[in-house]
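Look at the two complexes coming up: subunit A is in both, with subunit B in one and subunit C in the other.
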Partner chain A sequence: MNNRLKVLRAERNWSQADLAEQLGVSRQTVNALETGRYDPSLPLAFKIARVFEQPIESIFSAQGTPR
Partner chain B sequence: MTAVSDRKTPLALKLLGVAGLAAAGGATGFVMARFVDLAALPWTDALAVGLSTMLLAAAVVSAGIMASRPRSTPVGCGLLQIAILALAGLMLLAPIYGPNWFSPDMVFWGVVVLLIAQSVANLMLWRQADEMLQRVLSETSAMAFWALQLALFLYAAAERLGLIEGLTAWGMVGILMGVYLVASVIAAGRRGIK
Partner chain C sequence: MNDLPRRKRLSGAASFALAISATLLLGGLAGVGSAVLGDQPGAVGFGLTAALITAALATGFVACVWWWRQIDEAAREAHKWAWWWGGSGGMAVGAVLLLTLMMRSDSQTLPESFGSTPADIFVSGMMSILLFQMAGYSLAWAGWWLKHR
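What follows is the complex of A and B.
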(Lines of atoms letter the chains of each structure in order from A and count residues from 1; the text may use other names and numbers.)
(Lines give C-alpha, C1' and ligand atoms only; values in the text may rest on other atoms or scores of the structure.)
Protein backbone atom coordinates (compact mmCIF):
# COMPACT_ATOMS: atom_id res chain seq x y z
CA MET A 1 0.00 0.00 0.00
CA ASN A 2 1.19 3.52 -0.82
CA ASN A 3 0.59 6.50 1.41
CA ARG A 4 1.23 10.23 1.56
CA LEU A 5 2.02 10.37 5.26
CA LYS A 6 5.48 11.84 4.86
CA VAL A 7 4.24 14.59 2.54
CA LEU A 8 1.27 15.45 4.74
CA ARG A 9 3.45 15.50 7.82
CA ALA A 10 6.05 17.69 6.14
CA GLU A 11 3.36 20.13 5.01
CA ARG A 12 2.44 20.61 8.67
CA ASN A 13 6.07 20.73 9.77
CA TRP A 14 5.48 17.92 12.23
CA SER A 15 8.20 15.55 13.36
CA GLN A 16 7.60 11.79 13.37
CA ALA A 17 7.45 12.01 17.15
CA ASP A 18 4.74 14.69 16.93
CA LEU A 19 2.61 12.55 14.65
CA ALA A 20 3.27 9.45 16.74
CA GLU A 21 2.04 11.27 19.83
CA GLN A 22 -1.19 12.32 18.12
CA LEU A 23 -1.81 8.81 16.84
CA GLY A 24 -0.88 7.11 20.10
CA VAL A 25 1.79 4.93 18.49
CA SER A 26 5.59 4.79 18.65
CA ARG A 27 7.88 6.88 16.44
CA GLN A 28 9.14 3.61 14.91
CA THR A 29 5.59 2.83 13.82
CA VAL A 30 5.26 6.19 12.05
CA ASN A 31 8.62 5.57 10.39
CA ALA A 32 7.53 2.09 9.28
CA LEU A 33 4.26 3.50 7.89
CA GLU A 34 6.08 6.19 5.92
CA THR A 35 8.63 3.78 4.49
CA GLY A 36 5.95 1.28 3.50
CA ARG A 37 7.22 -1.39 5.89
CA TYR A 38 3.93 -1.55 7.73
CA ASP A 39 0.33 -1.16 6.64
CA PRO A 40 -1.93 0.25 9.39
CA SER A 41 -5.02 -1.44 10.75
CA LEU A 42 -8.35 0.07 9.73
CA PRO A 43 -8.81 1.85 13.10
CA LEU A 44 -5.33 3.41 12.81
CA ALA A 45 -5.98 4.41 9.19
CA PHE A 46 -9.16 6.20 10.33
CA LYS A 47 -7.21 7.91 13.11
CA ILE A 48 -4.59 9.06 10.59
CA ALA A 49 -7.37 10.41 8.36
CA ARG A 50 -8.86 12.30 11.32
CA VAL A 51 -5.50 13.79 12.32
CA PHE A 52 -4.85 15.05 8.77
CA GLU A 53 -8.53 15.95 8.25
CA GLN A 54 -8.62 14.12 4.94
CA PRO A 55 -10.51 11.08 3.65
CA ILE A 56 -8.64 7.80 3.91
CA GLU A 57 -8.54 7.32 0.14
CA SER A 58 -6.67 10.58 -0.32
CA ILE A 59 -3.94 9.35 2.06
CA PHE A 60 -3.74 5.67 1.18
CA SER A 61 -3.90 3.89 -2.14
CA ALA A 62 -3.32 0.34 -3.28
CA GLN A 63 0.15 -0.44 -4.64
CA GLY A 64 0.50 0.86 -8.18
CA THR A 65 -2.88 2.63 -8.17
CA PRO A 66 -2.56 6.12 -9.64
CA ARG A 67 -3.99 8.89 -7.47
CA MET B 1 3.26 20.20 19.16
CA THR B 2 6.92 20.96 18.79
CA ALA B 3 6.76 21.73 15.06
CA VAL B 4 10.22 20.30 14.60
CA SER B 5 10.91 18.51 11.34
CA ASP B 6 12.98 15.32 11.37
CA ARG B 7 16.62 15.77 10.73
CA LYS B 8 18.95 13.07 9.38
CA THR B 9 21.37 11.77 11.96
CA PRO B 10 24.82 13.27 11.26
CA LEU B 11 27.34 10.80 9.79
CA ALA B 12 29.76 11.43 12.66
CA LEU B 13 27.08 10.48 15.16
CA LYS B 14 26.24 7.35 13.17
CA LEU B 15 29.92 6.37 13.09
CA LEU B 16 30.17 7.05 16.81
CA GLY B 17 27.17 4.79 17.36
CA VAL B 18 28.75 2.02 15.26
CA ALA B 19 32.02 2.45 17.16
CA GLY B 20 30.11 2.26 20.46
CA LEU B 21 28.36 -0.94 19.43
CA ALA B 22 31.66 -2.41 18.21
CA ALA B 23 33.27 -1.50 21.55
CA ALA B 24 30.37 -3.12 23.42
CA GLY B 25 30.74 -6.24 21.27
CA GLY B 26 34.49 -6.28 21.84
CA ALA B 27 34.08 -5.85 25.59
CA THR B 28 31.51 -8.66 25.67
CA GLY B 29 33.85 -10.92 23.71
CA PHE B 30 36.74 -10.04 26.04
CA VAL B 31 34.74 -10.78 29.17
CA MET B 32 33.53 -14.07 27.67
CA ALA B 33 37.06 -15.12 26.71
CA ARG B 34 38.50 -13.99 30.06
CA PHE B 35 36.01 -15.57 32.42
CA VAL B 36 34.22 -18.37 30.52
CA ASP B 37 35.81 -21.42 28.92
CA LEU B 38 33.03 -22.35 26.52
CA ALA B 39 35.00 -25.31 25.17
CA ALA B 40 35.04 -26.87 28.64
CA LEU B 41 31.26 -26.70 28.93
CA PRO B 42 28.77 -29.19 27.46
CA TRP B 43 27.32 -27.73 24.24
CA THR B 44 23.96 -27.16 25.91
CA ASP B 45 25.56 -25.01 28.63
CA ALA B 46 27.82 -23.26 26.11
CA LEU B 47 24.75 -22.36 24.04
CA ALA B 48 22.91 -21.06 27.12
CA VAL B 49 25.91 -19.01 28.27
CA GLY B 50 26.39 -17.57 24.76
CA LEU B 51 22.72 -16.64 24.48
CA SER B 52 22.55 -15.16 27.96
CA THR B 53 25.64 -13.07 27.26
CA MET B 54 24.02 -11.73 24.09
CA LEU B 55 20.77 -10.98 25.93
CA LEU B 56 22.53 -9.23 28.82
CA ALA B 57 24.78 -7.26 26.44
CA ALA B 58 21.71 -6.22 24.42
CA ALA B 59 20.03 -5.08 27.65
CA VAL B 60 23.07 -3.02 28.66
CA VAL B 61 23.43 -1.46 25.18
CA SER B 62 19.69 -0.69 25.05
CA ALA B 63 19.87 0.92 28.49
CA GLY B 64 22.85 3.01 27.33
CA ILE B 65 21.01 4.13 24.19
CA MET B 66 17.93 5.01 26.23
CA ALA B 67 19.99 6.96 28.78
CA SER B 68 21.71 8.92 25.99
CA ARG B 69 18.40 10.10 24.47
CA PRO B 70 17.01 13.52 25.31
CA ARG B 71 14.69 13.54 28.31
CA SER B 72 11.85 14.66 26.04
CA THR B 73 11.96 11.33 24.16
CA PRO B 74 9.10 9.07 25.34
CA VAL B 75 10.39 5.98 27.15
CA GLY B 76 7.67 3.83 25.55
CA CYS B 77 8.18 0.09 25.93
CA GLY B 78 11.97 0.42 26.15
CA LEU B 79 12.29 -0.19 29.89
CA LEU B 80 10.13 -3.30 29.72
CA GLN B 81 12.12 -4.65 26.76
CA ILE B 82 15.37 -4.10 28.67
CA ALA B 83 13.93 -5.86 31.73
CA ILE B 84 12.76 -8.80 29.59
CA LEU B 85 16.17 -9.17 27.95
CA ALA B 86 18.01 -9.02 31.28
CA LEU B 87 15.66 -11.46 33.02
CA ALA B 88 15.92 -13.94 30.14
CA GLY B 89 19.71 -13.71 30.33
CA LEU B 90 19.70 -14.34 34.08
CA MET B 91 17.27 -17.27 33.74
CA LEU B 92 19.66 -18.99 31.35
CA LEU B 93 22.70 -18.40 33.57
CA ALA B 94 21.16 -19.33 36.93
CA PRO B 95 20.95 -23.13 36.46
CA ILE B 96 24.58 -23.23 35.28
CA TYR B 97 26.36 -21.01 37.79
CA GLY B 98 23.77 -20.72 40.60
CA PRO B 99 24.70 -24.10 42.21
CA ASN B 100 28.22 -22.72 42.84
CA TRP B 101 26.72 -20.51 45.56
CA PHE B 102 23.28 -21.89 46.40
CA SER B 103 21.55 -25.26 46.75
CA PRO B 104 19.77 -26.56 43.62
CA ASP B 105 16.43 -26.05 45.39
CA MET B 106 17.16 -22.39 46.02
CA VAL B 107 18.36 -21.88 42.46
CA PHE B 108 15.22 -23.52 41.12
CA TRP B 109 12.93 -21.26 43.15
CA GLY B 110 15.03 -18.30 42.09
CA VAL B 111 14.44 -19.30 38.46
CA VAL B 112 10.71 -19.59 39.19
CA VAL B 113 10.69 -16.03 40.59
CA LEU B 114 12.62 -14.75 37.53
CA LEU B 115 10.22 -16.59 35.22
CA ILE B 116 7.17 -15.05 36.91
CA ALA B 117 8.74 -11.57 36.77
CA GLN B 118 9.60 -12.04 33.09
CA SER B 119 6.11 -13.30 32.26
CA VAL B 120 4.56 -10.27 33.97
CA ALA B 121 6.94 -7.98 32.07
CA ASN B 122 6.04 -9.73 28.79
CA LEU B 123 2.35 -9.30 29.51
CA MET B 124 2.83 -5.62 30.37
CA LEU B 125 4.85 -5.16 27.17
CA TRP B 126 2.04 -6.69 25.11
CA ARG B 127 -0.56 -4.44 26.74
CA GLN B 128 1.53 -1.28 26.33
CA ALA B 129 2.71 -2.04 22.79
CA ASP B 130 1.14 -0.27 19.85
CA GLU B 131 -0.30 -2.30 16.98
CA MET B 132 2.96 -2.59 15.05
CA LEU B 133 4.95 -3.87 18.03
CA GLN B 134 2.15 -6.35 18.75
CA ARG B 135 2.39 -7.47 15.11
CA VAL B 136 6.16 -7.89 15.47
CA LEU B 137 5.68 -9.95 18.64
CA SER B 138 3.05 -12.12 16.94
CA GLU B 139 5.20 -12.64 13.85
CA THR B 140 8.18 -13.56 16.03
CA SER B 141 6.11 -16.18 17.84
CA ALA B 142 4.71 -17.56 14.58
CA MET B 143 8.14 -17.77 12.91
CA ALA B 144 9.70 -19.42 15.96
CA PHE B 145 6.80 -21.89 16.26
CA TRP B 146 6.99 -23.01 12.62
CA ALA B 147 10.79 -23.27 12.62
CA LEU B 148 10.81 -25.23 15.88
CA GLN B 149 7.96 -27.57 15.00
CA LEU B 150 9.66 -28.45 11.72
CA ALA B 151 12.97 -29.03 13.50
CA LEU B 152 11.28 -31.00 16.30
CA PHE B 153 9.50 -33.26 13.82
CA LEU B 154 12.73 -34.02 11.97
CA TYR B 155 14.61 -34.53 15.22
CA ALA B 156 11.90 -36.80 16.65
CA ALA B 157 11.86 -38.90 13.48
CA ALA B 158 15.65 -39.22 13.49
CA GLU B 159 15.63 -40.12 17.20
CA ARG B 160 12.89 -42.71 16.69
CA LEU B 161 14.96 -44.25 13.89
CA GLY B 162 17.99 -44.40 16.18
CA LEU B 163 19.98 -42.09 13.94
CA ILE B 164 20.78 -39.50 16.63
CA GLU B 165 21.16 -39.33 20.39
CA GLY B 166 18.52 -37.98 22.73
CA LEU B 167 18.42 -34.31 23.58
CA THR B 168 17.97 -32.93 27.10
CA ALA B 169 15.22 -30.45 27.97
CA TRP B 170 17.99 -27.95 28.81
CA GLY B 171 19.39 -28.30 25.30
CA MET B 172 15.91 -27.83 23.83
CA VAL B 173 15.40 -24.63 25.83
CA GLY B 174 18.71 -23.28 24.52
CA ILE B 175 17.70 -24.03 20.94
CA LEU B 176 14.24 -22.55 21.51
CA MET B 177 15.69 -19.32 22.89
CA GLY B 178 18.20 -19.10 20.04
CA VAL B 179 15.52 -19.61 17.39
CA TYR B 180 13.24 -17.08 19.11
CA LEU B 181 16.08 -14.55 19.20
CA VAL B 182 16.78 -14.97 15.47
CA ALA B 183 13.04 -14.78 14.68
CA SER B 184 12.69 -11.57 16.69
CA VAL B 185 15.61 -9.97 14.82
CA ILE B 186 14.04 -10.93 11.46
CA ALA B 187 10.54 -9.74 12.46
CA ALA B 188 11.83 -6.43 13.81
CA GLY B 189 14.16 -5.92 10.84
CA ARG B 190 11.24 -6.32 8.40
CA ARG B 191 9.57 -3.31 10.05
CA GLY B 192 12.77 -1.27 10.12
CA ILE B 193 13.26 -1.61 13.89
CA LYS B 194 16.95 -1.83 14.72
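What follows is the complex of A and C.
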Protein backbone atom coordinates (compact mmCIF):
# COMPACT_ATOMS: atom_id res chain seq x y z
CA MET A 1 0.00 0.00 0.00
CA ASN A 2 1.24 3.51 -0.85
CA ASN A 3 0.66 6.54 1.29
CA ARG A 4 1.34 10.28 1.34
CA LEU A 5 2.16 10.49 5.03
CA LYS A 6 5.65 11.86 4.57
CA VAL A 7 4.45 14.58 2.19
CA LEU A 8 1.53 15.57 4.39
CA ARG A 9 3.74 15.67 7.45
CA ALA A 10 6.37 17.77 5.67
CA GLU A 11 3.69 20.22 4.51
CA ARG A 12 2.84 20.83 8.14
CA ASN A 13 6.47 20.97 9.30
CA TRP A 14 5.84 18.18 11.76
CA SER A 15 8.55 15.85 12.89
CA GLN A 16 7.91 12.12 13.04
CA ALA A 17 7.78 12.49 16.82
CA ASP A 18 5.10 15.21 16.50
CA LEU A 19 2.95 12.99 14.33
CA ALA A 20 3.57 10.00 16.57
CA GLU A 21 2.41 12.02 19.56
CA GLN A 22 -0.82 13.00 17.80
CA LEU A 23 -1.51 9.46 16.69
CA GLY A 24 -0.61 7.89 20.02
CA VAL A 25 2.00 5.59 18.46
CA SER A 26 5.79 5.38 18.59
CA ARG A 27 8.10 7.29 16.25
CA GLN A 28 9.31 3.93 14.91
CA THR A 29 5.75 3.12 13.91
CA VAL A 30 5.40 6.43 12.06
CA ASN A 31 8.65 5.65 10.24
CA ALA A 32 7.41 2.18 9.31
CA LEU A 33 4.17 3.71 8.03
CA GLU A 34 5.94 6.36 5.98
CA THR A 35 8.27 3.90 4.30
CA GLY A 36 5.24 1.79 3.37
CA ARG A 37 6.70 -1.21 5.18
CA TYR A 38 3.79 -1.37 7.61
CA ASP A 39 0.12 -0.98 6.75
CA PRO A 40 -1.98 0.54 9.53
CA SER A 41 -5.11 -1.02 10.95
CA LEU A 42 -8.42 0.53 9.94
CA PRO A 43 -8.79 2.44 13.26
CA LEU A 44 -5.28 3.88 12.89
CA ALA A 45 -5.92 4.79 9.26
CA PHE A 46 -9.04 6.68 10.34
CA LYS A 47 -7.04 8.42 13.04
CA ILE A 48 -4.41 9.45 10.49
CA ALA A 49 -7.14 10.79 8.22
CA ARG A 50 -8.59 12.78 11.11
CA VAL A 51 -5.22 14.24 12.09
CA PHE A 52 -4.55 15.39 8.51
CA GLU A 53 -8.23 16.35 7.99
CA GLN A 54 -8.35 14.43 4.71
CA PRO A 55 -10.32 11.42 3.53
CA ILE A 56 -8.54 8.09 3.86
CA GLU A 57 -8.50 7.51 0.10
CA SER A 58 -6.52 10.69 -0.46
CA ILE A 59 -3.82 9.48 1.92
CA PHE A 60 -3.66 5.75 1.15
CA SER A 61 -3.84 3.94 -2.16
CA ALA A 62 -3.35 0.37 -3.25
CA GLN A 63 0.11 -0.35 -4.64
CA GLY A 64 0.34 0.40 -8.34
CA THR A 65 -2.98 2.28 -8.42
CA PRO A 66 -2.59 5.65 -10.16
CA ARG A 67 -3.71 8.56 -8.01
CA MET B 1 -15.18 2.92 15.25
CA ASN B 2 -13.97 3.48 18.76
CA ASP B 3 -13.30 7.21 19.13
CA LEU B 4 -12.04 7.41 22.67
CA PRO B 5 -9.84 10.33 23.71
CA ARG B 6 -6.11 9.70 23.35
CA ARG B 7 -4.43 8.17 26.40
CA LYS B 8 -0.98 9.26 27.39
CA ARG B 9 1.31 6.29 26.87
CA LEU B 10 4.78 5.58 28.11
CA SER B 11 7.32 4.77 25.42
CA GLY B 12 7.66 1.10 24.52
CA ALA B 13 11.09 0.86 26.14
CA ALA B 14 9.94 2.62 29.32
CA SER B 15 6.83 0.49 29.71
CA PHE B 16 8.86 -2.67 29.02
CA ALA B 17 11.46 -1.65 31.62
CA LEU B 18 8.74 -0.89 34.17
CA ALA B 19 6.89 -4.17 33.57
CA ILE B 20 10.12 -6.19 33.74
CA SER B 21 11.26 -4.36 36.89
CA ALA B 22 7.94 -4.97 38.64
CA THR B 23 7.98 -8.62 37.63
CA LEU B 24 11.59 -9.13 38.74
CA LEU B 25 10.92 -7.38 42.04
CA LEU B 26 7.88 -9.50 42.78
CA GLY B 27 9.69 -12.61 41.53
CA GLY B 28 12.59 -11.82 43.85
CA LEU B 29 10.25 -11.30 46.79
CA ALA B 30 8.49 -14.57 46.00
CA GLY B 31 11.86 -16.33 45.75
CA VAL B 32 12.98 -14.97 49.10
CA GLY B 33 9.58 -15.78 50.59
CA SER B 34 9.65 -19.36 49.34
CA ALA B 35 13.23 -19.82 50.55
CA VAL B 36 12.24 -18.65 54.03
CA LEU B 37 8.71 -19.98 54.34
CA GLY B 38 9.18 -23.05 52.15
CA ASP B 39 11.22 -24.62 54.95
CA GLN B 40 8.03 -25.22 56.93
CA PRO B 41 7.54 -28.93 57.42
CA GLY B 42 5.22 -31.01 55.27
CA ALA B 43 2.44 -29.71 53.09
CA VAL B 44 2.56 -26.23 54.64
CA GLY B 45 5.96 -25.41 53.16
CA PHE B 46 4.98 -26.88 49.78
CA GLY B 47 1.71 -24.95 49.81
CA LEU B 48 3.40 -21.68 50.76
CA THR B 49 5.97 -22.08 48.00
CA ALA B 50 3.23 -22.81 45.46
CA ALA B 51 1.20 -19.82 46.67
CA LEU B 52 4.15 -17.42 46.46
CA ILE B 53 5.16 -18.62 43.01
CA THR B 54 1.54 -18.34 41.86
CA ALA B 55 1.35 -14.78 43.23
CA ALA B 56 4.60 -13.82 41.47
CA LEU B 57 3.51 -15.27 38.13
CA ALA B 58 0.05 -13.69 38.42
CA THR B 59 1.71 -10.33 39.04
CA GLY B 60 3.96 -10.91 36.08
CA PHE B 61 0.93 -11.65 33.94
CA VAL B 62 -0.82 -8.47 35.13
CA ALA B 63 2.36 -6.49 34.34
CA CYS B 64 2.36 -8.04 30.84
CA VAL B 65 -1.27 -7.02 30.26
CA TRP B 66 -0.48 -3.46 31.38
CA TRP B 67 2.61 -3.35 29.14
CA TRP B 68 0.65 -4.77 26.17
CA ARG B 69 -1.88 -1.95 26.51
CA GLN B 70 0.90 0.62 26.52
CA ILE B 71 2.47 -0.37 23.21
CA ASP B 72 1.04 0.52 19.81
CA GLU B 73 -0.25 -1.76 17.09
CA ALA B 74 3.04 -2.06 15.15
CA ALA B 75 4.90 -3.01 18.32
CA ARG B 76 2.22 -5.62 19.05
CA GLU B 77 2.50 -6.96 15.51
CA ALA B 78 6.28 -7.28 15.95
CA HIS B 79 5.80 -9.25 19.16
CA LYS B 80 3.09 -11.48 17.70
CA TRP B 81 5.31 -12.25 14.70
CA ALA B 82 8.29 -12.87 16.95
CA TRP B 83 6.23 -15.06 19.26
CA TRP B 84 5.07 -17.29 16.43
CA TRP B 85 8.08 -17.47 14.11
CA GLY B 86 10.88 -16.80 16.56
CA GLY B 87 9.44 -18.80 19.42
CA SER B 88 8.45 -21.73 17.21
CA GLY B 89 11.73 -21.64 15.30
CA GLY B 90 13.71 -21.52 18.54
CA MET B 91 11.69 -24.41 19.91
CA ALA B 92 12.37 -26.45 16.78
CA VAL B 93 16.11 -25.84 17.06
CA GLY B 94 16.03 -26.69 20.76
CA ALA B 95 14.01 -29.82 20.02
CA VAL B 96 16.75 -31.08 17.70
CA LEU B 97 19.18 -30.94 20.60
CA LEU B 98 16.76 -32.45 23.09
CA LEU B 99 15.60 -35.26 20.82
CA THR B 100 19.19 -36.08 19.90
CA LEU B 101 20.10 -36.25 23.58
CA MET B 102 17.01 -38.30 24.32
CA MET B 103 17.96 -40.89 21.70
CA ARG B 104 21.57 -41.16 22.78
CA SER B 105 22.98 -44.52 23.74
CA ASP B 106 23.45 -45.39 27.40
CA SER B 107 27.20 -45.13 27.00
CA GLN B 108 26.93 -41.42 26.30
CA THR B 109 26.37 -39.59 29.57
CA LEU B 110 24.79 -36.18 29.94
CA PRO B 111 26.86 -33.25 31.18
CA GLU B 112 26.66 -32.90 34.96
CA SER B 113 25.05 -29.45 34.59
CA PHE B 114 21.91 -31.17 33.26
CA GLY B 115 21.36 -32.68 36.71
CA SER B 116 21.45 -36.21 38.00
CA THR B 117 17.85 -37.04 38.94
CA PRO B 118 15.07 -37.45 36.37
CA ALA B 119 13.31 -34.37 37.80
CA ASP B 120 16.46 -32.24 37.40
CA ILE B 121 16.98 -33.43 33.84
CA PHE B 122 13.32 -32.74 33.03
CA VAL B 123 13.63 -29.16 34.33
CA SER B 124 16.91 -28.70 32.44
CA GLY B 125 15.16 -29.77 29.24
CA MET B 126 12.30 -27.34 29.80
CA MET B 127 14.65 -24.48 30.60
CA SER B 128 16.76 -25.28 27.52
CA ILE B 129 13.71 -25.09 25.28
CA LEU B 130 12.72 -21.82 26.96
CA LEU B 131 16.17 -20.35 26.30
CA PHE B 132 16.05 -21.40 22.65
CA GLN B 133 12.57 -19.88 22.34
CA MET B 134 13.72 -16.63 23.92
CA ALA B 135 16.75 -16.46 21.62
CA GLY B 136 14.55 -17.10 18.57
CA TYR B 137 11.98 -14.58 19.79
CA SER B 138 14.62 -11.87 20.27
CA LEU B 139 16.15 -12.46 16.85
CA ALA B 140 12.75 -12.48 15.13
CA TRP B 141 11.65 -9.32 16.96
CA ALA B 142 14.81 -7.47 15.92
CA GLY B 143 14.41 -8.82 12.38
CA TRP B 144 10.81 -7.56 12.17
CA TRP B 145 11.81 -4.03 13.07
CA LEU B 146 14.83 -4.07 10.74
CA LYS B 147 12.56 -5.20 7.92
CA HIS B 148 10.00 -2.49 8.68
CA ARG B 149 12.39 0.45 9.02
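For this structure, a couple of remarks:
We take it that the second predicted complex is superposed on the first by the 67 of 67 C-alpha atoms of A that agree within 3 Å, B and C clash if a C-alpha of one lies under 4 Å from a C-alpha of the other, contacts with A are read in each partner's own complex, and residues count from 1 in each chain.
Just so it is clear, contacts are C-beta pairs under 8 Å (C-beta built on N, C-alpha and C of every residue); 3 or more make two chains touch, one makes a residue touch a chain.
All values derive from a computational prediction rather than experimental measurement.
By the touch criterion defined above, A:Ile59 reaches neither subunit B nor subunit C. Looking at the superposition, the partner that touches the larger set of subunit A residues, subunit B or subunit C, turns out to be B. Look at A:Tyr38: by the touch rule set out above, it reaches both subunit B and subunit C. By the document's definition of touching, both partners, subunit B and subunit C, reach A:Ser26.
Of the two partner chains, subunit C is the only one that A:Phe46 touches; subunit B does not reach it. By the touch criterion stated above, A:Ser15 is placed in contact with subunit B alone, subunit C being left untouched.
In the superposed pair of complexes, A:Leu5 makes contact with neither subunit B nor subunit C. On subunit A, the surface patch touched by subunit B in one complex and by subunit C in the other comprises residues 24-26, 28-29, 31-32, 35, 37-38, 40-41, 44. Here subunit A touches subunit C in the complex through residues 24-26, 28-29, 31-33, 35, 37-38, 40-44, 46, going by the rule given at the top.
Those residues of subunit A lying in contact with subunit B across their complex are 10, 13-18, 21, 24-29, 31-32, 35, 37-38, 40-41, 44. Considering their complex, residues 1-6, 73-74, 76-77, 130-133, 135, 190-193 of subunit B touch subunit A. On the subunit C side of its complex with subunit A, the touching residues are 1-2, 6-7, 9, 11-12, 71-75, 77, 145, 147-149.
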